[in-house]
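Structure below; questions to follow.
Should a chain be cited, it is by its letter among A, B, C and D, assigned in written order, with residues numbered from 1 in that chain.
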Amino acid sequence: MRVGVLTGGGDCPGLNAVIRGIVRKGVQEYGYDFTGFKDGWRGPLEGATVRLDIPAVRGILPRGGTILGSSRTNPLKAENGIRRVKENLAKQEVDALIVIGGEDTLGVAARLNDEYGVPCVGVPKTIDNDLSGTDYTFGFDTAVGIATEAIDRLHTTAESHMRVLVVEVMGRHAGWIALHSGLAGGANVILIPEQPFDLEQVCSWVTSRFKASYAPIVVVAEGALPKDGDAVLKDGTLDSFGHVRLSGVGEWLAKEIEKRTGKEARTTVLGHVQRGGTPSAFDRWLATRFGLHAIDAVRDGDFGKMVALRGTDIVRVPIAEATARLKTVDPALYSEVSVFFG
Amino acid sequence: MRVGVLTGGGDCPGLNAVIRGIVRKGVQEYGYDFTGFKDGWRGPLEGATVRLDIPAVRGILPRGGTILGSSRTNPLKAENGIRRVKENLAKQEVDALIVIGGEDTLGVAARLNDEYGVPCVGVPKTIDNDLSGTDYTFGFDTAVGIATEAIDRLHTTAESHMRVLVVEVMGRHAGWIALHSGLAGGANVILIPEQPFDLEQVCSWVTSRFKASYAPIVVVAEGALPKDGDAVLKDGTLDSFGHVRLSGVGEWLAKEIEKRTGKEARTTVLGHVQRGGTPSAFDRWLATRFGLHAIDAVRDGDFGKMVALRGTDIVRVPIAEATARLKTVDPALYSEVSVFFG
Amino acid sequence: MRVGVLTGGGDCPGLNAVIRGIVRKGVQEYGYDFTGFKDGWRGPLEGATVRLDIPAVRGILPRGGTILGSSRTNPLKAENGIRRVKENLAKQEVDALIVIGGEDTLGVAARLNDEYGVPCVGVPKTIDNDLSGTDYTFGFDTAVGIATEAIDRLHTTAESHMRVLVVEVMGRHAGWIALHSGLAGGANVILIPEQPFDLEQVCSWVTSRFKASYAPIVVVAEGALPKDGDAVLKDGTLDSFGHVRLSGVGEWLAKEIEKRTGKEARTTVLGHVQRGGTPSAFDRWLATRFGLHAIDAVRDGDFGKMVALRGTDIVRVPIAEATARLKTVDPALYSEVSVFFG
Amino acid sequence: MRVGVLTGGGDCPGLNAVIRGIVRKGVQEYGYDFTGFKDGWRGPLEGATVRLDIPAVRGILPRGGTILGSSRTNPLKAENGIRRVKENLAKQEVDALIVIGGEDTLGVAARLNDEYGVPCVGVPKTIDNDLSGTDYTFGFDTAVGIATEAIDRLHTTAESHMRVLVVEVMGRHAGWIALHSGLAGGANVILIPEQPFDLEQVCSWVTSRFKASYAPIVVVAEGALPKDGDAVLKDGTLDSFGHVRLSGVGEWLAKEIEKRTGKEARTTVLGHVQRGGTPSAFDRWLATRFGLHAIDAVRDGDFGKMVALRGTDIVRVPIAEATARLKTVDPALYSEVSVFFG
């Protein structure tokens, strides 16, 4: 039995822990051989491989990133993509593929498995925690921890200068990082993509915080938008939204708050530090167990499934189902947390 | 409505976050008044109280310990204990009591509620994570994080000197901290109270690690015992087991490993650093939500219940049930992790 | 004897440690009374004070920011500034003033002391480490530690995606933070304000790193400028340089590198997290000793002096001298570090 | 030119940074070749070597421990030790030796250089900071940081239970770690080997802290001793002093404090975590510069010298002088810090 492994999409703390779990159990308990595919789906598409055995996974547990490399290559969009993937898997004599990735990467796995007969097992990965079917994805706890530590630090700066500090955290479509780090960091306002915000309400929270002689911290997910988003977009400051982040929602918000409340406001965009470096203990635990259970699914021939966390158990759910829709923040949960606003 | 709050047993990161959650929501949303009882059950027993209102809970979210103080006082064992507790609650005009604690502290709450008509809501607290009825207790993630960081550091020392490093972590009756931190820290042997260990097996794992040119880390829960525990106890080195830890299982194990394998071994006993200081982001999240849901249970008049984590939801379970038996490590989970031994 | 204390300029980890050192020794050993002035020079200018005694400094050692507040108010630029400051000091019966601040704040102290007879003792403060007369300023070590940790994290992201990561750190006029954190973080290029950089050289280092199959980290001080700075400024991307940082040198550099090398590049601007939060152990040590020695200078009547670090000793130097010119990075030191570039 | 490198004595964060600095500059700027000797002086004694070139030092900057291994082997005490060392150096065609170590390891280098004509350059290494001739040794800042973080955590435990917490830190002969971490951690008592302590005085500080409604933290260096040490030693509890630490000074002190003050006391022995793991930014900076300057000394043919920190400069001092006597804590400095006791 030869198993291929690939990691796709943005890097995420815990990827190496998954790979190590897969290989250690696969080799030691099942006697499998492994082929590492380089840079996500680019590997099977172009036949780019790396050696993957016990020595290759030594010492990688605490290391961020992925020893396999990653990319956003999508074989479904490449010419003859499916055919080339199948040919390369055959050439490598790979019997099954473990695919570690987020919505896009796993979406390819679901179709390859369900429509093209390539036996795939999925492992959910995203620091954004927005994959359905699993309580948490690994990487998320690390990202929340880093953001919380940053917010802890920013409180004293805000207080010393009686300024508003706006902290922009990751989360394009889901507010999980903002919600968790904002709550844990004692933020006074938390803004998430799921709930378009009312700028007047934000300013009133900011003002009430100052009235109590404290300085407010506003945590905003990069994908959060004001209720009248159109107007905002028109003034051109949001057009570079996304990766480049030259004038993201954080900067825009700080300027609006200054204008409307007369208080100084500063922005910190946490950026890539949220996704790099050593995983938290929780993420190492979760990622390792995902790896151990993914190779079990291969052994069981239980393909088309993704390993997932339910409570403290690792279960298997159909990949297609897990990637069908984003897991966003429930309004009730946002409302629960809002008791701390203002 | 006036609600009493107390924290009992060993201190635990997140206690203050629970208290803040209770008070913020209780005051802001329900208009309740609060009475803080000092030092666990000693407060209601002796009528020792502290002011508990919005200003009292400002800034306590990231702080370890408990602003209410703690103790192991048990009113069930005090003369006229129940009567004195009821008198003092009446004197303070307290209508309901939120009890934050572990097995012992909550056990008292269960009996007071069920047998003596004192309306109690429980919040589970233990860094050991050994309370039934909840997926996790707050404080556990922080403890695991600290232990993991220590193990990360010890690897390089072990490698540089080609020594065995034995790390003794907390966990008198349950191996959760050892299991999680041992896995996350890449330990080569993990020993837990639930599974009496075979010293020969331990030494063989140690030896095989050296053969692969690496130095082994052995993580041992303070309550772990060798299979032939009697023999061990006879040589007198384990008699001060527990708090004083003059010659705990870690020291004993290091000496035995040295004797049997001929390799140098050193011990580190992590001790109280595992339970103090600022809570992790996860524990702040969990503890805060426990606080919010505990005050909701009071408002609902749902007494005799403990808030608990199930997946990502906070639910309510009977306190009596949750404290009836310890939640220990399942043999199947231990076996899952053992793929990394040796 | 009554001593006034103020903290001016940007906040900086260790300010509270200085204040605690001053007050603990002043009260306990010399029996002095203290008056805290609020928000830097605004305090003496407007007569804004806060209580400053032993209880006020309890527990502040590990806390970032300043319990006295800070501002950039300059009495030399205010109408009748000097007269108002002297009147308010007289009204508060303050016999001497300890001024904790950077170049600007201390510059005022030097003139007040030397020209207007207000007895002042200075304590150097800046995370930028660019004050003459002292080996290090407190806050710098903390800032370097935070930046180094961020760089550590970014390495794995860079490697996983084979991207250039540009990290913009603080340092408007001096490259100390960039130099120390860049070296400690294993950066492949470090750019500082003291040495205008050659974009072609930067790109060649970037390219050579990729050739060795690694991904480069470029650390750039916010005040660094390319050799042909004029051209850069003309294209308009650098005009919001400084606080707002909408398109700081980091963003500009990443775009230029992408354009010239064809490699993906991303920017992280660390921003305010570098100056907030708990001070490092080194900064707590240095700041506390500065406080102890500042009150000794007051007792000795040694005014017009600033405490300073020389090796492991705390000495006194004329404030005027220490603020006369910026301490910038010596070309020889930059050259020493450049062995790691590329 | 071929240069040998060895690391001796206890491991220490920063060793790898020194090695990297030596090799990067030696190869890139001077075109030297290198031979790594394994396990300190055991390497030259037994001819045990490891490859040491640019690839070997990739990625080691942030890693604790030493890639060369370490030991306490002393060729001066081995049969024909000197002769064997010289023979093996000749066999390896090594022209000069860079010796990274503490008092013992460097002492050998001094004699080999001065008496036996082996050209040696020394690099001072000890987390204890007790080497003369240098302001600081690398590893010390990391150890102090870890100890300070532990003390920070222990404060909340002490307060919650109103207990004394005794923290035993490293420092057999010098109290530097205790002094710096105790001050930085806000300890209420600091005990160091240089100043035999009066148990009554300690208990009076402890009691006065409780009277102010706070719980005391006592930081004690492992080598600290009570004034009437003889009496103490007689009761047998101190006889395993040192490595094994079954009943070190910390345990003994906690018991004595309990007995004399009637307050509960607990001990935490930090142990090996103080010397392992990733170095602090300061230690990476210092260690790297030591490496760069050590290879410069080789190039200059300036043998018998040790690189040392003076202020912010790296200088060279005779090894023999630097190892002639221990650098201990000056009574004046201890007295300066004692303002915070009680």
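Brief remarks follow.
As a working rule, a residue touches a chain if its C-beta (ideal position, glycine included) is under 8 Å from a C-beta of that chain, and two chains touch if they have at least 3 such contacts.
Bear in mind the structure is a predicted one, so any value in this text is a computation, not a measurement.
The pair A-B is the one among A-C, A-B or B-D whose contacts match those of C-D for more than half of the residue pairs. With each centre defined as the average position of its C-alpha atoms, the distance from chain A to chain B rounds to 30 Å.
Here the spacing of chain A and chain C, counted between their Cα centres, is 34 Å.
Among the residues of chain C, those in touch with two or more other chains are 152, 278. Contacts between chains close into a ring here, every chain touching precisely two others. Here chain C touches chain D in the complex through residues 24-25, 28-29, 59, 61-62, 135-136, 141, 144-145, 147-148, 152, 180-181, 183-186, 278, 280-282, 284-285, 288-289, 292, 310-312, 336, 339-340, going by the rule given at the top. On the side of chain B, the complex with chain D involves touching residues 10-11, 13, 15, 63-66, 69-71, 146, 149-150, 152-157, 159-162, 165, 243-244, 246-247, 251, 266-273, 275-278.
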